[in-house]
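Next up, some structures in structure tokens.
The following pair of complexes shares a single chain, chain A, combined with chain B in the former and chain C in the latter.
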Partner chain A sequence: SESGQPSLLLTCLHICPLPGVGCSSVQQKIYVQLNKTFPCVRLLNATHQIGCQSSVSGDTGVLHVLETETDLDWVLSSGPNPPYVVLMVAEHFNRSTMMKLKGSARVAGVAVVISKAGPAQGFSPHHSCPNQNSGVYSDSYGPELAGCNVTVWNPLGNSLSYEDFRFPIFSLHEGEEADVIRKCFLDHNRGVNGSDPAYPLCAMQLASHMYAVKDTATCMRRNDIQSRFSISPEFVCDALADYNVWSSLKPLNNSGKGHLDGESVVIAATRLDSRSFFWNEAPGGESAVGGFVTLLAAAQALRAVVEDHPPSQNILFTFFQGETFDYIGSSRMVYDMENGKFVIDLDNIHSLVEIGQVALHRNGQLWLHSDPVSRRNSSVRSESTALNLSLSVAEPDVSQPLPPSSFQRFLRARPIPGVVLTDHMSAFSNRYYESLYDDAEYLNVSYPSGLSPEEQLEYVTDTAKTLAEVATLVARSLYKQAGGLDDHLSSINADPKIVTQMLYGFLVQSNNSWFRSLVSPDIVKNLGDPVKMPTWLVQYVLANFTGTLRNLTQTQCKNPEDLEGESKDLYSYFWVQGPVPPNSTQGEGYCVRAPVRLVKAHSPAFELHQYSSRDYSTWTESRWKQIQARIFLVASRDLEMLTLGVGVAVLLVSLVVTYFINSKADLLFSSSRETTSTAY
Partner chain B sequence: MPVAVFFGCAFIAFGPALALFVFTIAREPLRVIILIAGAFFWLLSLLLSSLVWFIAVKASNPENVSLQKGLLIFGAVFSVVLQEVFRFAYYRLLRKANEGLAAISEENLSPISVQQMAYVAGLGFGIMSGAFSMINILSDSLGPGTVGIYGDSQYYFITSAFMTMAMTLLHTFWGVVFFDGCEKRRWWVIAAVAALHLLVSGLSFLNPSYEGSLPPAYVIMVLMAAWAFFSSGGSLQTLTQVWMCKKNGVDSS
Partner chain C sequence: MNLERVPNEEKLNLCRKYYLGGFAFLPFLWLVNVVWFFREAFVKPPYTEQQHIKTYVKRSALGLLLWVAALTTWITIFQHFRAQWGEVADYLSFTIPLGIP
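Up next, the complex of A and B:
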């Protein structure tokens, strides 16, 4: 439009403080930066690359908003100004549309507007059979159960996350930026009365250039070349790695590795991680948070009996990271146990209880899954009969395999008895498995309006109450499994207050007073919004639940070796901020001693340099330099060529005229020749 | 292709200046020196006036839009005045230099006339002014986008290039006229040049309605061209002579 007044909406995004000062004002006239976007990045494994790629300076395309089928035809065949960048709402972000766009050469990028609630029919960009090739079922072990032949665990899965797109895909939330984009489209990109839209057209540029290509072996080889021959090496990819968190009911000596004589351990396992189609956005409410919050609450509940009536066996709480990507954390722990690099080894394991997805149970019904192949040797039976809870636990049909779980990696090494506790009998109840919509709202973690953040932290939601019951069930089962006596079962109770605080912290806002009091003072600044990588936060919460306060100063807390009664082999020491008194901004600081440790969750494939391994996870994430998205107007090609033509014409004419005038200069300027001081 | 816009606008803005430089200045080292020194004087004037404006802006309230606009107008006026002051200063410098050049030459004649110096100085001012106006815009024209999403005109690049070309040529003509007025002690000429400069600068505040700023600027440029032509020794007879000569040359060839 030719209006002289910028629209008010755009003025709000126009961040140049003063006209012409402190910013390139011409650039500010041309581009509208989109800041709150999430890209899709490239990941590689032993055989494939997945995710999205853009060209080095970004891909530009004319903006088109997808609302109906005709819009899709416009983009794919009939629109006159390819390539297009498609803006779609989340309802259209499904496999059929994306595959059509993927196959077209007229698509330069896709931007997805994510609404608060997911599509009603469910949406899961993950595989329908998660971690199919890295579990225990294969041709040699339960072949009739392999490959989801019996149960398709994630029927809504469309495998979109595992496709390889050659154009960038970004997502943004409903809000100011999405409105600006739509307004730009409505103002410029719609033709009048059915004719083609006239230039200048609104366009979008998405830049997310990924350095790694092809597969993990290729990018690792390139990393190797860089580190060897370059003065400042520029790696192209990084292996997906983090830490597993583990803790034990009775402390284990961390300096002793390998088989621990006389020790028999019940492992209580769960996973910490989740993913979605887009990078670094993985709320993972039902798939991860529900599970580990339950286990944390169970660990806290067991504290009541650990001092006076400890069970005969030890209980090891393990929180695995990286399970979404072919069980990085659990495969690493099994590998460490096999090679004597962990405090216990596989022979010390008595049994394993895993908490799967438990937050969406219907009518209080939970399910215990076990492996039918090794079941004959199993000594695990359902414990719920002795418990007075409103939950009931049942076992599904005998011939059903285990759902995707860390337990499968343990079974690959040893036929250990174990169960997986879930809220689904066969297919997942989670309709948004590994997607952006698996968040607080989906779990019904909602608060009455008008509560302040601190009041929300304390408010006990219904979800918290039911998860607390599950946690109580888990804690009592673990206690019984580890040889504890039935008399003390009733004193093991998970506290709903703690569960609701954890749910609030991990799903809604991690910068709250409770979390702040649990972590060390220099980490407090990392808290904010649902925190992306909760490993260290889980570590501090677990330390708070299983640890004890010690009367040590900060320096003593860092180095407690020489002190009486303190042992760094048995415990970890954390300096935490503590609750903040009402009149000050910082807590006093306390030393907490807890048997909580971090171990590396780095796939054994990278230790063994087997980058094409079929046994272990080989997932890596590409590196990139710049990720940005912006919208602007593009001029027609005709206008550009016209400008060039006019410029060349002006240049030629001025050259000719100047030559001519210069050659006749003495004639032209001759009438007032001064005698004294002119020369030529 | 954004590269087409870049080259097109660069040629429009700097084509005449380039042609003038190549054919009239490049071969004479003295003229090159005077050109560059003239450019430097213009730069100095811009530096000082922008310093004043910058301090005024920093000392004022950034929220007050009308105050900022007022300060911008004040800054533009002050800059124009300072440019003309520096033009006069350059004139004095060149006069002094001219005497020196005459003294060291063999025939006691300066190798360059005041009119030629006027023309070269004006062109120096013009080229530097054009560079400062246009280079920033040229570099942004290389990106994929064009101006317009905030409601500005999509012809921003082209009109900036044409305005720059007009300003470059205007500075050249103003240089000739100004020096001539100083030589002949006609102070009203200096005032007229300053007034016209203020007028053209003020016209640019009418943007983005380019009808209000570009055609008047070009009209003034044509008028100034005529004035400079007549004040540097041209006349209607010489024009017709050259025209006849050309015609005869055409006839005879």
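Up next, the complex of A and C:
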């Protein structure tokens, strides 16, 4: 990536050493690089390609700022200098405007300026019926419930993320770069007194050339051809893959796969991932973070009873990754269970409790969704455990289907009893589902001004208190569901302090002292900003909550097989940094033993090489070489042609002159002295 | 090589070698044959071997023409239909362009 370059429009005193040595000063005078931008990239599945594409060296267009309807007309029909790159604020980033721009040949790209708070009426670029073809409801199972016939889960969804744009779309945040662009536009691109603007004009170039096309089958075939017949293979796409995190209350022997005799397990599931329209930006506050923070806190709360009064059944905590894209993680786990590649089998599952979106509940009201088609009487009875908490739990209408959830993939394989806990009765309460605005501010995770980062870490927000109550409810319900006795329920309590620390770490700043003490010393440098890939971080947090300290050295911690009382089959061993003492920079380092494991969350479609599968997720992401955005001034076409013409004319004239001089050379260059002829 | 200093017999030999070589799926040899020996075959004053050289040059030209026609047709068809042919076209291609179907 290019290093930061000073703007040419702000006065800069950057003095380059001798031109041509060290830095390219002419380039710095022409181009202003935009550094803090995020592109929209291309994703493919079995049948479609979605996202954006640019030409190889980028798409250039004259900059135009979209503020009113007349601006849109200017871009689409009346402007005299097409193609245009449209700069818009987030209010205009809606379906109608984008569809009009998509259909026009005069648009070379779009740059969206994202403000801190989202549009007041809500914005969701996802589908209005998420994962409708990969859930359990289909023509053969509850057909009247399929396709959101009964409930539209995401009514604000405009499916923008799933459109295929043939021009690049980048996002910028409000700040210095957006101001520079606007100033460039105001200085150069506005005509005087209503006339057309004169050249030179301010232009923007957006480059995000994607390698993959058409669909997953095509790009996997091209990958295959490259790997087999090319000397230096250049892949065009990658399957979306990561890891699921799972842990159990009582340790399970990881070396034994398939059906585990006598084991009956309650699964507590949630999802880890989210997305937005743009690449690598997915705060996912309500859609993901609220849910997994609740389950992590519940796992920590259950620790109080696991030693002395363990429940009769085991509890399996699973955190699925990739659920946004047709349930990658959960479909893989179900596939592994069906084929005996996981520690337990589908027959070992007693029931399932899933934590959906729980952070925005109104008046303490939570809802338990279950599947009307396979409803069993022995569902989770958690109404009684809601006593002594300020939460009330109700069940929605009997004919309402399950919301989009990982539980649906389990139901596809086996009619397991289960519920999904959410804060919405029918449609989502989340008005920014799978968008950039689903962040800390939307969840009301805000801190009084004047607090230092360490103080912010410790400050218990109201959101943390309510989520801690939800976590207590979940923990108690799980305990009861797994056969625990009622007398011990009151000792299961989630700690709001832990919840607020997790919310701060996952939503605001992950490079904080608590997270640093939980992870291993060589991973500490990966922390920073709201973390984009929380899988390994959730693994360490879960290890801290469900694990125990062992008195081992670092080398012993890596290989504990031969030591007494340690078993790599039952536990994983992590070397973590530990809290940093006040007068040093690094923690001592401790060995933590926890029954936490990672399993691959890679869609079975890629294992089975069924790239056009309708049963499993087939999502892949394209590869690319260069992503950049920059602005500069462009001259008119006439001036360019004139310069070229003059150059060609000079070339021809010089050829003619050279020919004539060559043919009359002896006449022109005859010297007065005698020419000495030397024999050769 | 300067044909001026080569005896006529050797010229005929060369022309024949290039003509025969072109049958090994090497139309460029025929192109070289035509261009190199054109002056020898048609412009120079006649000599004994010229008749043979003329035949070889004419046949090389014919072969070259056929090859150009065949290749142009195939290239046009392939470039036009490559995107539509999908899998077959991918296995036929040496380099597949990135980012377009």
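Operating definition for what follows: the second predicted complex is superposed on the first by the 613 of 680 C-alpha atoms of A that agree within 3 Å, B and C clash if a C-alpha of one lies under 4 Å from a C-alpha of the other, contacts with A are read in each partner's own complex, and residues count from 1 in each chain.
One rule holds in what follows: a residue touches a chain if its C-beta (ideal position, glycine included) is under 8 Å from a C-beta of that chain, and two chains touch if they have at least 3 such contacts.
Everything quoted here is computed from the prediction, not taken from an experiment.
**Student:** Of the two partner chains, chain B (first) and chain C (second), which one does A:Gly191 touch, if any: first, second, both, or neither?
**Tutor:** Touch partners of A:Gly191: none, neither chain B nor chain C.
**Student:** For A:Gly175, select first, second, both or neither according to whether it touches chain B, chain C, the two together, or no partner.
**Tutor:** neither
**Student:** Touching A:Ala203, do we find chain B (first), chain C (second), both, or neither?
**Tutor:** Touch status of A:Ala203: first partner only.
**Student:** After superposition on the shared chain, which partner residues are touched by A:Gly256: those of chain B (first), chain C (second), both, or neither?
**Tutor:** A:Gly256 contacts neither chain B nor chain C.
**Student:** Count the residues of chain A touched by chain B and by chain C, then name the partner with the higher count.
**Tutor:** It is B that touches the greater number of chain A residues.
**Student:** Between chain B and chain C, whom does A:Thr218 touch in the aligned arrangement: first, second, both, or neither?
**Tutor:** Touch partner of A:Thr218: chain C, not chain B.
**Student:** Tell me the contact category for A:Val56 with respect to chain B and chain C: first, second, both or neither.
**Tutor:** second
**Student:** Check whether A:Gly528 is in contact with chain B, with chain C, with both or with neither, and answer first, second, both or neither.
**Tutor:** A:Gly528 sits against neither chain B nor chain C.
**Student:** Does any part of chain A touch chain B in one structure and chain C in the other, and if so which residues?
**Tutor:** none
**Student:** Could you pull out which chain B residues touch chain A in their complex?
**Tutor:** Residues 1-2, 4-5, 7-12, 15-16, 18-20, 22-24, 54, 57, 62, 68, 72, 98, 102, 109-115, 136-137, 140, 143-154, 156-158, 161, 165, 208-209, 229, 232-235, 237-239, 241-242, 245-246 of chain B touch chain A in their complex.
**Student:** Mind listing the chain C positions that touch chain A in their complex?
**Tutor:** 86-87, 90-91, 96, 98-101
**Student:** Which bits of chain A are touching chain B when the two form their complex?
**Tutor:** Residues 1-7, 10-11, 14, 17-19, 21, 24, 26-27, 29-32, 60, 184, 199-200, 202-203, 205, 630-635, 637, 639-648, 650-651, 654-655, 657-659, 662, 664, 667-674, 677-679.
**Student:** Give the list of chain A residues in touch with chain C in this complex.
**Tutor:** 53, 56, 209-214, 218, 221-222, 225, 234, 236
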